[in-house]
Each structure stands twice: as structure tokens, then as C-alpha cells.
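Note that chain A is present in both complexes that follow, paired respectively with chain B and with chain C.
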Partner chain A sequence: MSLEQLLFLVVAAVIVLAALGAVFARRIMHAALCAVVVFTAVGGIYAIIGSYFIAVAQVLIYIGAVATVLVFAVMLSGQKDIAGGSPIRRQARWKTVLTWAAFVVGLVMVFQFTLNLTVPASGPANAPMAAESATSLRFLGQLLFYDYLLPFEVISLLLLLVLIGAVVIARKESDPQ
Partner chain B sequence: MQYKLLLPEITLAAGILAIICADLVVARESRRQTAFGLGLLTLTIYLMAAAALGGVTEHAFAGHLLVDPWGSFFKLFFGVTGLLLLFLSYSYVGQRSLAPAEFVALLLGAYLGMSLMVSSEQLLTAYVGLELVSLTSYLLAAFLRQDPLSTEAGLKYFILGSVASATLLFGISFLYGYTGSLELATIAGSLSTGEGMVVIGSLLFLCGLLFKLAAVPFHVWAPDALQGAPTPITAFFSVGSKVAVLVLAGRFISHFSGVLAQEVHYYLLLVAIGSMTVGNLVALRQTNLKRLMAYSSIAHIGYLLVAYFLGTPEAYAALRVYVGVYAAANLGIFAIITWTESQNRGIEIDSFRGLGRVQPLFGLALGVFVFSLVGIPPTGGFMGKLLLFMASVQEAHYILAVIMVLNGVLSVVYYYRMLRSAFFEDSEWIAPITKNAALEAVVLVAVVVVMVTGVWPGWLQM
Partner chain C sequence: MIPLSWLVTLAGLLFGIGLLGALLSTNAVRMLISIELMLNAVNINLVAFSRYYGASQPHGEIAAIFAMVVGAAEAAVGLAIFVAVARNSKLIDIDKINLLKW
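Coming up: the complex of A and B.
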């Protein structure tokens, strides 16, 4: 096992554990902090595969912006526990078990498949896109504004519309329209 | 110039911005007129632009945009249904004093996403289009802020829809990881047989799409989301966003039909038969009109998926007719539901009681739409079902044809309950009955489309 693989396994384990922590934490603040750990560790994965720019962007955007907003929202809402966590009803329990069983079986199948796979020569892992070109800002900028211009521009419109929609939904009832 | 090919989408984007900006300057009393007027104008120009590109087949924007007749047909379809939807929602938005500019802008945003979805064979662009549709749909579903049902609809749709998006992206990442490309043609071309990773990727991708289509077994969110959403938006879900997803699924399936024929096609058949049967069976027990229409749309999605399972040119031709007629009949019924709702009659089947007496036009039109949805001649619904039926017999899928006919018979029962309520049961209409010219126009257009297609389905195949 190479050092890279070892690093990957450690970071992946941190992601899985922190994600579980975010789901199962009783206190909403703990859940938010676990999410921050997940964001950071995902940045670590990008760094391991050599996409340093994306790693930095991940840290800047997810920790700098998303996590801050998340923590703000938690503090503003003033709720300490995750309310309404009623225990699972007995009738529903077998459904839960069944769902989880199906989920686990599915995961195992996916693992089984992936273990037996070989990535062909045309795959991105073997593509001639060298590490330095993938990380250089010039390369990324060219991709964004030439090859991926259309989706890039559509995303800007998407963000605008979602912002407007969020304001409509979240506005106070008494506000004049 | 490649921007010419993007003209329909650019029109929509410009329209959205114009509506938002105009809302800031006009007087409060005329905000609704301004927003809807600009919306109508935008969609009219969109229609003209899409018609102008009707015969073109060309790639642009580094392969992200594909303009072809198949996509252009659906752009025209979206333009027409969009115009009808604006007429449908005009009085609704006024009555509930919803924010008009935001409503129209979000709706047009969804149309922009749909327009991109039908004109791309590049998975990233298609995904961005799909997200544009999904996110605006969640917001529109929750647009009635005073109504807890609407909030529930938006929230359920949002959470489950996000899972579907994640599944879809996961599938795309498998396909990209294996082939190194996001172009459907390149992905399909670099495969020889159904390799494991591609099968997983395709299945995940299809599951995501089937979820957005509310096909069985991914349908559980649909009735709640469609019941709680504002009525015009319920209409939009069943004739707008679903059709766009259907087209994207079709492009995907048609590329992979050779490679994945064995693996994926029979899942598709199971989903199609399941959707028809479950949708029709559960619809039998519904009393709420919107829920009933939700289950009915699940059943119709089943019929449409049959066309993809068959995959022949005849089946695709049948799909066009089926979608066109289904949308017309559905929009017509939703216009009538919107009207009864505006008379404070509620949205139960019983709300239709006496409809034939107080509003004979709507009563008769309801009859036409119901006949069309069941598939009784001489309506267009009959033609759609007949063409689909013949396409499956041609491929020697006799059992499938029999199942389709049995399901048609099953659907008679619940559609008939609407007609019985409208014509054979009566009740007092307490509030003074008000006419609504916009809704009457929608109903008339829908009746004309349904009846014309019944005798001449060819106009939808030009």
C-alpha cells in the first residue's frame, strides 16, 4: 500500500465518521461542526488526487462561506436539540430495517462491481491531462469560459432565481408585497 | 453564429430579467398585468424563435447545445403549454395575492431549464437544466406560504428531489469515470458491451430520472407534492417538467439501446407496467381532484415509457401524439379545477356537482377531456393510445398491449366519477357564479387540440 492510498483511507474514514456524526448528533450545533469536518476532509481528498485549486476552493467556499452561514443559522434559530425526534413507531420499524437492509445490500453490490472493474485507457485517470495543467488557473479559466460557457452562464441564472425564490418563501407574512 | 441557435433560451433569460426589473418600477396595482404581459410576450417570442429553428440540426457551444427537430418539437410544445399556463394562473395569482413577478419569473426559469434539457446530449448541461427546473419547482410548490399543505409539498419535493439529483449525479460520475466523457454519443460509442460500471451508472442515472418522472416505484412523493402545490403549478408539474425529463430519458435510452438492450430495457418495461397499474389502481380510491390527477399522471407516464421500451420510429411518433393530447386534456381539466376552486367549491370530486348545469361549457369540455384521457374515439386520446398500441403489436408485444388495454378500462372508473359528479349529481352553488374569460380560453384551446388530433393526429408529427 502506497502512502497515497493510506492517506486516502484515513481521510475517507474521517469523512464517513464525521458524516455519521452529522446525521446522528443530538445537538444541532454538533451536527453543524461535524459537517465542517466533512467539508474539510473532502478538500483533503482533492489535495490527494492533485487538484490543488479545487482543494483551496473547497476550503474557501465550504468552510469560509457555507459553514459560517450554517453556524449562523443554528445560532439564530436558538434551538439546541433537534426537536420532534419522536421514537420510531413499532409498525414502522420493520420498514426501517428493510430500507437499511436494501441500502446495505446495494452498497455491497456496488463495491463488488467496482472491485472487479478496470478503468480503460480512455478513462480520465489515464488521460493525458497532466497534473500541472489540471491545476493551473489558466487551464481552468479556459475550460469555464470556452468549453463550459453555456452551463456556467445558466448556473448564474439559476442562482439568481433561487435567491429570488428563497426571499419570496422566507419573507415575513406582514411585509408588503 | 452559434448564439442564433440559443435564441429561444436567450429570449427566456431576457424575459426573466425584464420581468424582475419591471416589477421594481411599475405601480403596485398594475404589477400583475405587467408581469403576466411580459411573460406572454416572452413566451410568444420564444415560440417564434423555436419555430424558426424548426428544421435545423446543429451542435454549438463546444457540443453543449444540440438543436434538432426532436428537441424543437418539444420547445414548441413548451411554448404553447407555457402560454396556456400563464392564462391559467392569472386570476389564481390575483385571488391569492401571490407575488406576481416572482411567480412568472420562476415559471419561466423552469421553462428555460426544460428548454436546455431537451436540447442537449451533454450530461453536464442537461443536469444544470434539470436542476434549474427542479429548484424552481420546489419553490413554486411552496409558493402558497399561508397554506401548510403547500409548505409540506415544497419540503417533501425538495428533500426527495435532492436525493434523486444525487442519484443522478452519482450515475453520471460512473459514466464519466469509465469513459472520460460527458457526451452521450462519445459515451455510447466507447462501449462495446454492457460493462458493469456502465450498467451501474446508467441504472443510477435512469433511477434519478424516473424519480423525477414519478414513475413507480419512485412515485410516493408525487401525490403530496401535487396536492399541496398551487393548482396551476400542479398542472405545470404534470405537463411541463415531467415531459422535459421524459425527453432527456429518451435521448439517453436511444443512445444506449444497443449496448444496454438486455440490462436496462426490461427494467424500463417493469417500471412502465408498474406505473400504469399502480397509478390507475390507487387513483380509484382518491377523492381529492389534485391527488386523483397526480395518480392519473403516474399512470400516463407508464404509457409513455412503453414508447421508449419499444424504441421504434412508430413508437416515437406515437409518443408525440400522446404527449400533445395528454397535455391538452390535462391543462383543460386543471383550468376547470382552478375555476371551481375560485368559486370556493374546494378541490374534491364533489366540487364538480352541478357543473354541467351552472357552466355547460366547462361541463361539456370536461366530458371531452375525460374521454380523451380514457382513450375513447373520436378524441385525440384515442389516437395516442391506438398508435402506441399498434406500435407494440408491431413488435409482437401482445401481452403488453393487453395490459395497456386493461389499464384503459380500469381508468374509466375513476374518470367516470368526475363526469357523474358534474352531470348526474347536483348541489347548490351558493356564491354568485363568476365567469373567467382566461380560463374559458384555455379550455376552448384544449378542446380544439383534443378534437383535431382525434381526426388528424398528423399535425403533431410534422
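Coming up: the complex of A and C.
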């Protein structure tokens, strides 16, 4: 097992444990901080497989923006967690069992699918990482600003609308003009 | 190098955990956190397949970038809604929010 694979396994373990923490932590603040750990570690995964631009974008967007918004919302919705402690709803046991069963079945299907995958000769194993990443970024930029120019502009408009909409929604109703 | 199946398995695990959280949690903010986890899992898949199958045509990474932007937008709007709801009714238990239910 190479060093790269060892690093991947460690980061993957961090992701899974922190994700479980985000779902099952009793305090919602702890859940938000566990989510930050997941976002960071996923950025690490992107760096390990050589997608450096996506790794940087992950850190900028998820840790810089989403995590901050999450923590703000936890603070602003300022209230204790739902009484009873456990974040998991207690009624409807069979729904819980069904969810877990669906989760396990889906996971088994994923295993079955990935065991049959073969990586073509153009995979990253056959290209020197460092030399390729620079040209990979060039390809990314060309794709983004030539082939995907219209979606790019539309999504920038979407961001503008979302910012205005979030401000309008979260504003106090009885604003004294 | 990392086998592709490891990456897809990691993404599947992360998506499953996020799905559990989204379906089972009662707190609205925790539900949003779980949805963000699921979006991250999808992004891992997109980037991994783009990386292993199309080194010079990274369409998957473009899709991952767009998914990130939409995820951030969804987080902003969703959390604004929950802040507004929490201001009006002092709780964000998603079983109790039935304002729009007829």
C-alpha cells in the first residue's frame, strides 16, 4: 500500500466519523463544527486525487461561505435543541428501520458496481501529476469560459438573486422603514 | 494511485450518512447540514470520474463547481427561511412547521 493510499484511508476515516458526528451529535453547534471537518477533509480528498482547483474552491466556498452561514444560522435561530436530547426522531420506528435498510442495500449496490469498474489508460496513474495539473487547469478554464459560458452567466445571476432573496426573507417584518 | 472504487465507496458512505440525517433529524438546521453532506458526496463522485475518465476534458469538474455554487445558494436561502421561522415561532422543529399545509 502506497503512502498516497494510506493518506486517503486516513482522510476517508475522518470524513466518515465527522459525518456521523454531524448527524448524531446532540448539540446542533457540534453538528455544524463536524460538518466543517467534513468539508475540509473532502477538500483534502480532492487534493489527493489531483484536482487542485476543486480543492481550493471547496475550501473557499464550503468553509469560507457555507460553514459561516451554518454557524450564523445556529446562533441566530438561538434556541436550545429539541427537548429530549437525541437528534433522531423517536416516533415511527419502522421508518427508521426502513431508512437503514435502504441505506445498506444502496451501499451493497455501490460495492457491486464499483468492483466492475476499470480505469482507462488515460487515468491519472499514467500521467505525471505535477506536470498535468497545470494543463488540467487550462482545460478547466477553457471549458468554463467557452463551452459553459451560458451556464456560468446564469449561475452568477442565480447567486445574485439568492443573495437578494436571503436578505429579503431574513429581514424583520416590522421594519420601521 | 487510489482505486476508483475507494472513492465511489467513500462517496456512497457519505451520501448514505447524509440521507439518514436528512430523513431522521428533527432540527431543520441539522437537516440542511445533512443535505450539504449529500451534495459533497455527489461532488466527490463527479470529480473522481472526471479525473479518471476524462483527464483533458474535465466536464465533471465543471459540474462539481456548478453543484458547489447551487449548494451554497441553497444553504443561504434555506438558512434565511429558518431564521425567519425561528423568529416568528421560536422553534425550528420540522415536524411542527406546518404553516403552509392546508
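Keep in mind that, in the parts below, the second predicted complex is superposed on the first by the 126 of 177 C-alpha atoms of A that agree within 3 Å, B and C clash if a C-alpha of one lies under 4 Å from a C-alpha of the other, contacts with A are read in each partner's own complex, and residues count from 1 in each chain.
Simple rule for what comes next: a contact is a pair of C-beta atoms (placed from the backbone, for glycine too) under 8 Å apart; a residue touches a chain by one contact, two chains touch by 3 or more.
Keep in mind that what you see is a predicted model, and the values were worked out from it rather than measured.
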{"item": "Partner chain(s) touched by A:L149 [first = chain B, second = chain C, both, neither]", "value": "first"}
{"item": "Partner chain in contact with A:V23 - chain B first, chain C second, else both or neither", "value": "second"}
{"item": "Partner chain(s) touched by A:F139 [first = chain B, second = chain C, both, neither]", "value": "second"}
{"item": "First (chain B), second (chain C), both or neither touched by A:I169", "value": "both"}
{"item": "First, second, both or neither for A:A31, with chain B first and chain C second", "value": "second"}
{"item": "Chain A: partner with more touched residues, chain B or chain C", "value": "C"}
{"item": "Touching partner for A:F8 - first (chain B), second (chain C), both, neither", "value": "second"}
{"item": "Which superposed partner A:L157 touches (first chain B, second chain C, both, neither)", "value": "first"}
{"item": "Partner chain in contact with A:V110 - chain B first, chain C second, else both or neither", "value": "both"}
{"item": "Chain C-contacting residues of chain A that also contact chain B", "value": "110, 113-114, 117, 119-120, 122-125, 127, 148, 151, 155, 158, 162, 165-166, 169"}
{"item": "Touch list for chain B against partner chain A, complex", "value": "6, 13, 16, 20, 28, 61-62, 64-65, 97, 99, 102, 105-106, 109, 112-113, 116, 124-125, 128-129, 131-132, 135-136, 139-140, 142-143, 145-146, 154, 176-181, 190, 195-197, 200"}
{"item": "List of chain A residues in touch with chain B within their complex", "value": "110, 113-114, 116-117, 119-120, 122-125, 127, 146-151, 154-155, 157-158, 161-162, 164-166, 168-169, 171, 173, 177"}
{"item": "Chain C - residues contacting chain A, complex", "value": "1-2, 4-10, 12-14, 16-21, 23-27, 29-30, 32-34, 36-37, 40, 43-44, 47-48, 50-59, 61-62, 64-66, 68-73, 75-77, 79-84, 86-87, 90-93, 95"}
{"item": "Chain C partner contacts - residues on chain A that touch it in the complex", "value": "2, 4-5, 8, 12, 15-16, 19-20, 22-23, 28, 31-32, 35, 38-39, 42, 45-46, 48-51, 53-54, 57-58, 61-62, 65-66, 69-70, 72-74, 76-79, 81-82, 87-89, 95-96, 99-100, 103, 106-107, 110-111, 113-115, 117, 119-120, 122-125, 127, 132, 135-136, 139-140, 143-144, 148, 151, 155, 158-159, 162-163, 165-167, 169-170, 172"}
